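Two complexes, one shared chain (chain A), two partners (chain B, chain C).
Our next item is the complex of A and B:
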């Protein structure tokens, strides 16, 4: 375990960076296509069919269109903040890939604070959304941003607590240790409630339906990115889909045994599990209607947080007794 | 406390039930038809514009040019001309202005020989009003060609049997006269009738 952990060469860093950039781009292209296909098939439609095999390169065509679009900057925006927001939302997403173990050795840097690093940088997403919403000088954007802050504050807590109950069992923040601890049995079987709570919180953290209030189309136009166009909008999109990948990767590492699996190489198992979780999140989106804001907050404070706390306490007791 | 737990459990169950519905739909075959490449088979009850029934025995239409359909039509959109061929009267022109049709189906009902039926044609979009004018006779000829049956020609008026020399001018001249003669009787039922046949023709010329 962790052969490349201690000293990471410059070459390794650059290779990792290129790999991560490629992964982010390909993942976003694939996920957008997948989302359109999943939504289409749940509504008995074929989805994109024209560009490439079953519309496989439709997203590339869309990306090219977005690249060619004019970058509109409204007159009354707070310019430095407005321009910084897409970058701020995208950078922490990249940082999170630093510690994700894709396979036994396929990890850029195996830190002993892995989980904390991902979660602390994931919290920066809220800042970026707030920046974008506030700087846009648009009522819909501000509403979206404020909702996002309230939502993320509410859902970060149960998310951390559920992960904490797993960390209690392992006794390490290092992601490779957490995967190694599941060599006998996946934690999803030992901590089913934590898994369900984690998936709910992850859906909310990535601002996806049924918790997509920050960008509720029917109420807020597009929410915090109403005023963004072209590639700036594409960066928000990219960040959203990459965030989905990260929360799914965390779920895989924490509950589904990471890269472990028979026959196939570790990276394949890892990606299969990640995309299965992503499919689950998409499945939520095309099943459940968007919740009302008070329902959203009620769900978090009255149900998720007490349940997560109870789960943590029970876990601690059981660990003490065994 | 029990109601709290019960609410969570029932809520969770309802979420699972909803997801069950969507996953069932996810694996169902899609219903979208990729239109230019695939086309829908219209249901037997679909009522498109009228067309001639092709009699499998005679391999042609059954129309006797009695003009009942064109006279019954409330929109006066059936333009039918018949010629006498021997003892029989046959249609030489059967054109409908489908854009005026109110889809009442009286023409099909009134036909004494059941010569008309509803086609399954649904691709009716066109660029001009002229595109909605359907030559039913030509359509039948095309159908015969597709089936490999002998194509019914447009009948020429033939001075036969009775040996009438005036037979030739008759369809051209006598027809409008005959029509006008019938009009007054009809006018009681439909007062606007004499004007209507002229207007669509004018509009067509404009477009």
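Our next item is the complex of A and C:
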């Protein structure tokens, strides 16, 4: 993979793409296993134990099972859209990996608009969910899709604003610059409110409990992916877990000093921080009941957005004074 | 479906019969405007098995195992009610030890039912972890009851005139140990659920039932007690050994979902109190009435008995014409009455609230369909 240099050879790009694909697959396998284990320990039960050490290769068995399943297409679906949705949800997730700096040198392309690229592509996920829900021709799926749109619109705004207050301090959209700016102190200590807001918004953005309304299983059965089976369903799942990785990576880059840390190599520190954030998000899921939809929207528009804006304004003032 | 052109802005959403939160094969036909419910219409009967008719074609004893299948979560209360009805017809006097055993096992079963409800209810609200905590606790009860009754869910333990098998000291010690354990678990529930902001937001002020509505729809059990009416058959028309024990009836104030939750939550505490007292005071002696006829053939007559089951008043109206089979048997099940209020309180709520309200009624669908 290339260094910070802007010209990347074609081989570098291919190597990067293969690396990303491998990371996505391994990350999803690991996260599914981790989620099962985390929930099991929180719920006082052993969790998967049979396949491999502590069920370590259980998820591989699951993936193989999903691959072998029949792909059922209901009769009345809008076929092109229905089939395209699982692919559409997956592409923006892959693109986001282009600009994430895993360590000093481990980055495919160090763009000066890295943040914008990730966020703009992250916004595309909602399109795929809408496509899936609408094309399924199922009221519950439509419910999930509509909820997802409202939720993503509501939570992307405070998410962007909280990130803006950090960007204001750094003065750059380049992710490596943001990490470099934290050489003395992590931004989590300078911007604690922004960090908390970011974690809340990120949980909602990735449709994780207590904000998992697009797929709220007690109300909507499975929400937007009710009608998907086998590998198509797996792609939605894969995208959700990869999205979790991306929001956690952003949190690491913006607030926890990225790859910085003593003794261990940068990539190790980066992954430790990312998985710590993911653990936190999982912890939410196994603790809280689900909020009601209007409460979710109220939380965003009436609490998170004003707070994020206030935080941004205070940051701007302080920067001007110093 | 609605006639076209009449109310086109509403659409129909089928909740069930196969849905994770209808707790069985219950279908609720919803007329919706956006995510708001205009009309909720429960559609029952998918699991109808004709228990009442079966009773007419079986001998008194042969029908006994059916009761465990009607309400599989509080089977022993149903056993109790049926046995009481037949005992009344036969004019049998149940020995005191048997009454104590009945109270202990019935209250254990009530706690098991409430624990399962709390777990399943929080699952309806989207919280998964409490579900498994509750099942972990419930498992202890199942193990205890397994040892005396021989089954884990559809108990058929009481007989006309007493109980067939005595309990041993291990079982009684186990009951006390369980009471202690569940009390210690209350702290977890308090922290994880009762003080949880999202839980309070989801339950307070939703699905309010007034006292007038309770009377109008004939609600019983935690549904009325949640609205502040202290109606509990164990106190109002005491049966079995209940008058001998000291316990309270928890009631709510506003009649919302939260109150119904708290009533059931506090009721488990009271059941623990009853169990502890009964275990301490259990007398020795026979467990079966003397002179139970080999062939049960009560004299002509009719009788109504009622017990307080986990979901409310369960009653049996039994008519005998001096035959070996009952002439007519009518089950008065609590869930049926409790569900009848759903159309009224579900109007103008969201789907998520409907799930919460339906959960708070604590329906056991086989009991409604029977």
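The criterion applied here is as follows: the second predicted complex is superposed on the first by the 317 of 322 C-alpha atoms of A that agree within 3 Å, B and C clash if a C-alpha of one lies under 4 Å from a C-alpha of the other, contacts with A are read in each partner's own complex, and residues count from 1 in each chain.
Heads up, the rule we're going with is that a residue touches a chain if its C-beta (ideal position, glycine included) is under 8 Å from a C-beta of that chain, and two chains touch if they have at least 3 such contacts.
The structure presented is a predicted model; accordingly, all values stated were derived computationally and were not measured.
Q: Could you tell me if A:49 is touching chain B, chain C, both of them or neither one (first, second, both, neither)?
A: In the superposed model, A:49 contacts chain B only, not chain C.
Q: Using the touch criterion from the header, give the chain among chain B and chain C with more contacted residues in chain A.
A: Ranking chain B and chain C by residues of chain A touched puts C first.
Q: For chain A, what residues appear in both contact lists, the one with chain B and the one with chain C?
A: Shared contact residues on chain A: 42-45, 286-288.
Q: Can you tell me which positions in chain A touch chain B when the two form their complex?
A: 38, 40-46, 49, 283-284, 286-288, 303, 307
Q: Can you name the residues of chain C that touch chain A in the complex?
A: The contact residues of chain C facing chain A are 11, 13, 19-21, 35, 122-129, 132-133, 136, 192, 196, 198-199, 201-202, 350-353, 355.
Q: Considering the complex alone, what residue numbers of chain B touch chain A?
A: 8, 15, 18-19, 21-23, 25-32, 34
Q: Can you list the residues on chain A that touch chain C in the complex?
A: On the chain A side, the touching residues are 39, 42-45, 139, 143, 209-210, 212, 216-221, 285-295.
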